[in-house]
Amino acid sequence: MLSIEGLEAGYGTAQVLFGIDLAVAEGEAVALLGRNGMGKTTTVRALFGLIPARAGRIAVAGRDLTGAAPHRIARAGLGLVPEGRQIFPTLTVEENLVATARSDGRPRWSLPRIWELFPRLAKRRRNMGDQLSGGEQQMLAVGRALMTNPRLLVLDEATEGLAPLIREEIWSCLIRLKAEGEAILVIDKSLAQLSRFADRHVVIEKGRTVWTGSPAALARAPEIAQRYLHA
Amino acid sequence: MTLLAVRDLRKSYGALAVTDGLSLDVAEGELHAIIGPNGAGKTTLIAQLSGQLAPDSGSVTFDGTDITRTDMASRVRAGLARSFQITTLMPAMTALENVALAVQGRSGSSFRFWRPVAAEAALNDQAMTCLAQVGLADRADRPAAAMSHGEKRQLELAVALACRPRLLLLDEPLAGTGPQEAERLVALLEALKGQVTMVLIEHDMAAVFALADRISVLVYGQIVASGGPEEIRQDPAVRAAYLGEEAC
Amino acid sequence: DPVKVGLLLTLSGPPAVLGEHARDGALLALKKLDGKLGGEAAEFLVTDAEGKPDIAAQKARRLVESDGADVVIGPIFSNIMAAIAGPVTEGGAFLLSPNAGPSVFAGEGCNPDIFVVSYQNDQPDQVMGEYASGAGYGSVVLIAPNYQAGMDHLGGFKRTYDGDITAELMTQLGQLDYSAELAQIAAYQPDAVYAFLPGGMGVNFVKQYQQAGLSGIPMMSSFTTDETTLPAMQDAALGMLSSGSWSPDLDVPGNAEFVDDFIAEYGRVPASYAAYAYDAVMLLDTAIAAAGTEDRDALREALRTVDFPSLRGKFSFGANQFPVQDFYLTEVVQRADGAYATSAKELVTADYVDAYADACTAE
Amino acid sequence: MANLFLLQLLNGAQFGILLFLVAAGLTLVFGIMDFINLAHGVLYMLGAYLMAMFALETGSFWLGLLLALATTLVVGLVLEWLVFRRLYDRPHLDQVLATFALMLILSEGVKILWGSAPLNVAMPELLSGSIPLAGPLRYPVYRIAIIVAGLATAAGLWWLIARTRAGMLLRAGASNRPMVAALGTDISRLFLLVFALGAMLAGFAGALVSPVLSVDPGMGDSILILTFVVIVIGGVGSVKGAFAGALLVGIVDTVGRIFGPIWLKLVMDPAAATQAGRVLAPMLVYLLMAAVLSWRPNGLFGRPS
Amino acid sequence: MSAAPKAAIALLILLALVPPAAAAIGDPFLTVIATRMAVFAIAALSLDLILGYGALVSFGHAAYLGLGAYAVAVCARHGITDLFLQMGAAALAAALFAAVSGAVSLRTRGIYFIMITLAFGQMAYFFFVSLSAYGGDDGTALAARSTLFGRAWLENDTAFFYMVLACLALAYGGLDRLVHARFGRVLTGTRESELRMRAIGYRPFRYRLAAYVLSGMICAVAGVLLANQTEYVSPAYMAWTRSGELIVMLLLGGVGTLAGAMAGALVTVGLEELLAGWSEHWRLCFGLILLAVVLWSPAGLTGLLRRLLAGGRR
């Protein structure tokens, strides 16, 4: 579904990524791990073409999309829950959901389903995006990405600021999605949840992929976790 | 001794009562956690305690003085500082400058026009200490805009600490930090306990239960339960409304 | 060394067209004189006053101090005149104004180095006032923008008009929509309207005047319907009255030729700015021929007294070095070639001396 | 008196609608897209000049209008492609500088092409003439046409912004372009089209007012500030606000100009009133803006920032 | 020393060399141009304080230029011809106007602030337009330049130029200290995040108002000098287009560096002189140059310079 090879990127003159290798197969859930400031979000930004890739290759579903415009990359079937929510403040909750909604023939997500997943949002549907509480915004960001009916969902700290119950709700939703064959790339601070959920872990350190393997393998190699995650 | 007393606080947006007759006491020296579902009104409460938002009615008393109508700056000077859930920093300034500005705020007049502030060692030293406390010493010269999300969250806390408050209002300080950084920050808060009174809003239950002396549960504008960590953990209503299975 | 003449005119911004007429008139005159003034080679330095007094003052200094201009022809606007008068005359050059004739320089403040070739600012309005009285307009509504020049022009009209002033409507500088004022005029039903609305304001007003169906009420004006605005007003302005000491069809030797040459050269009917600038150059030519440029006092004397071929026929300066001349009632007509222009209808006052001349005691 | 007051109220409202018409394009580009476009005034002027040219060439008002619209649309597309797209992600002040530069370039260009003398645009046969109103006063049919055009533009704009997907995306893109793109929308193309639409609306206003107003090189500058005033009073980002702001400015300006001195005379002696009226009249619009903004720092319908 | 002060000092030295150079090539007019450059550099500096460091984009700043100019006219009419007394009066008038208009304007932000300052600027403009005693919109000529200690020293263009240059150097030096002092950092903080500033115990309004008043006072001093240079005072000095030109100068030079403000003023005045002498359509060229600078050098001329320097070092 997604393959990233030797990705290098950065901001202005500062290079942050020095070689990220990452692949997500159809229907696979991959967790991107690394300490604060190691380049997880930067990887996501480069993947979506929001910052230019200086080297390396990005391919989605076999199509080379290196250097493509963000909307073309997204249209290849990627859905994004960005770090920091990035809700559209001047749109209502409902407009936030429908403005960028899209489906290629087989819509699995629609407004009613989102309202069902997040009843709290349904109550606030006429409110402006920036009138929501932090957690509500996070729900909206997840809902907005789902409404694009992606084949690969990318979640960058999607559970930040969510109450435990909602967090569980989201994890079980992700599990259902995975079961439906959706590919998922997830960044999250809860290693325990990730280990339960993901098929594979990719650990990055200072902008490089330093380890890849199954959760079980990571559990078997505590020195890896110790070295790169300090968990 | 009660440091902060909130009485019958009310705030509504149209028909939505976000703070709905809320009363709360925080004793000097305690770490008082407030938990509750998303949209319960926790941040709105902090906003009213810190003076960012004016309540519709009710009163806030800090250290025996009614501060319901005083502005944010005076509250900070009285010893009441806060951190923001949605990171609020000076993006173009370096981490050190961000913190030094907070130090400057409580150390003499800022109507000084001549002496270079960058050379004021007293400001910088104190600021560096705060940065080191949250683990950002090596990021001192980096502009806030060029920091990762987690680093910004750490800086957010450092700025609040630099105010040297008597009461610290923390709005999800751990959100967005990685497991390792979260551990460090929890240790830091643990160390501050006793010296600084804290109101902590957090969805990270492990941290809450590890740190809190008392926990209040806020659901849609009202406090529905209040007590020690164990008491709250066992409360079936709280479990159903908020905690779910994760807390077990 | 050629004779250097600075043309300091507003050539940018909305009123640029006035400056262009003056510039073109002056250049046409120079062309006619084969590029010579009084037989000496001449060079014209065309400079944009930009309509800003401080910039104009700076440019005046540049012309006089740096470029060595002996004479400056300009400006169009009175406020610029006040700003450049000092730099030009103190720098040792003569100032010849092809349009602006503010009262400050006509009375006590008259200056031996300043010659106003056009008229004193108040005169056109006073002439209109006399005409309105004579024509038996018993009631008049006045309209002008709310600023000093507007006040001054209405004041000039009121000085000589002896009927009733029904109302004085003060509009905004640069006003676009006049429907409120037009409604008032319709309600008052005066015998006539007197307007001072220069430039785009006049175009807006005149068009809307006709569209509001007020054409039945005669309209008199100054600086409102002239050859710079008529191309935009066209039929809406036909029959409107104003006054002046020159018009394109004035029957004076050389005038018809000037107008034809101007049209051939620049593709439009000249306005008074062009004619006065032309006259200024002709005056300069004759004076230099008589006195040369070496002796400043001699040249000044020549400028004051020489008889030059003016497009206005007889021309002379008063004691304050403002013209003493005839004023006509003019009316907007369509020329045979389809263009619109003002046409001199009748003589209103002959040998008109401005009201301030007596106060000038420069000598 | 009361009658005249009502009539002047109407005149003020009509002037307000005219202002809205001119501000409409700017509402889109500045209000909604959050792009400070100082070149709006010259685009408006360009519309009027193109109208003057095409109407003369084709001999038809309607054909001229059509061509003027098409040309300003193309100009909008070209400008967006050459300049504006490079500025969306830049600070507001860069936009100010760049569009100020464009303003200089375009207005000088207009002067080079058409000269500095004002031009005439004849009124179309169909819309000339006037209908009788109270007493001897007649109301020009063309004014009614302008009012209709203004109202239609307002309605259309509101519908586009508030009711269509494009409107939502536009609002979303104004606050966070990268995010809209990352969610799969070609925001650049949308911005291109909307910017061109904004230019065309400016041109439309210019073309439409050309039979009523002087078509001269200063027409854009004088109206530019007024359009910003209108939008800011109404609150940036709100079509409703721009409309309300335009009406308010139109009415305050007109009624204040006419009745201000009369009312002042009621409270002070006539000479002082005349003097005060003279000083205050030109400030009215600005006093209004300062008053509105000190009462509501984000305009009448603006969102708190 | 970082690049910005070096550039600023280089500019000051460059300006100081103009009169001897003008004498050498026999064109005294160069000094007149340099004077104008220096006057506008002071005005641009004053604007940079609030715009560059406080993000307060004043679109009515020319009002202070005008206030300063009218202070000269009013003082002169009442027999006060001393330059420093006039500057004092100008600064006082500007401070009053800034305090009142600032107290209202500073309730707003961003574009609203731009427009409300424009409104106050226009009010000042129309006030002077209706001031018949001083010529209304025509303005009024000054009888002579201001005096220094009772002497007409400033009638000499070179002396006057060095007087202006001294004011510029003083303004630059003072502001440079100020922006790097505590006050400057607080001002910058309010630019970056007002909410955060309040949350660490500041009242941004006070600092903004103080900066706003100070900036108005400095600009009024520039107005005093401008009136003296042209020996003419008119409301045209406070037209909104003038405020716009000040902003353009600043943006062209680069915001928030002080040196950029000076460079912008110098280049703008210089280009105007140069281009206007070269072509009737100089505005077209000027527009193209501005456009080129914005599109290819985001931080104005100082940004360009910085990149050139960085390029040289790498």
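By written order: A, B, C, D and E. Residues from 1 in each chain.
Criterion: contacts are C-beta pairs under 8 Å (C-beta built on N, C-alpha and C of every residue); 3 or more make two chains touch, one makes a residue touch a chain.
Here the structure is a predicted model, which is why all the values come from computation and not from measurement.
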Which chains make contact with chain A and with chain B at once?
none
Touching chain B and chain D alike are A, E
Using C-alpha centroids, which chain lies at the maximum separation from chain D?
B
At the largest C-alpha centroid distance from chain E we find chain A
So which has more C-beta pairs touching, B-E or C-E?
B-E
Averaged-CA centre spacing for the pair chain C and chain A, given as whole angstrom
74
Based only on mean CA positions, could you tell me how far chain B sits from chain C in angstrom?
74
If you average the Cα atoms of chain D and of chain E to get two centres, how far apart are those centres in Å?
31
Using Cα averages as centroids, what's the distance between chain C and chain D in whole Å?
34
By the touch rule stated above, which residues of chain D touch at least two different other chains?
111, 221, 278, 282
Interface hub residues of chain E, defined as touching at least two other chains
129-130, 283
Which chains touch, pair by pair?
A-B, A-D, B-E, C-D, C-E, D-E
Per the touch rule above, chain E residues touching chain C in the complex are 27-29, 32-33, 36, 129-130, 132, 135-141, 226, 229-232, 234, 236-237, 276, 280, 283
Under the stated contact criterion, what part of chain D meets chain C in this complex?
4, 7-8, 11-12, 14-15, 18, 111, 115-120, 122-123, 128, 130, 135-140, 142-143, 211-219, 221-223, 253-255, 257-258, 277-278, 281-282
Interfacial residue positions of chain A with respect to chain D in the complex
48-50, 69-71, 73-75, 78-80, 82, 86, 88-91, 95-96, 98-100, 102, 128, 144-145, 148
Hey, which residues of chain D end up touching chain A in the complex?
165, 168-169, 171-172, 174-176, 178-188, 237, 303
Complex contacts: residues of chain E adjacent to chain B
174, 177-178, 180-186, 188-189, 192-193, 195-203, 207, 210
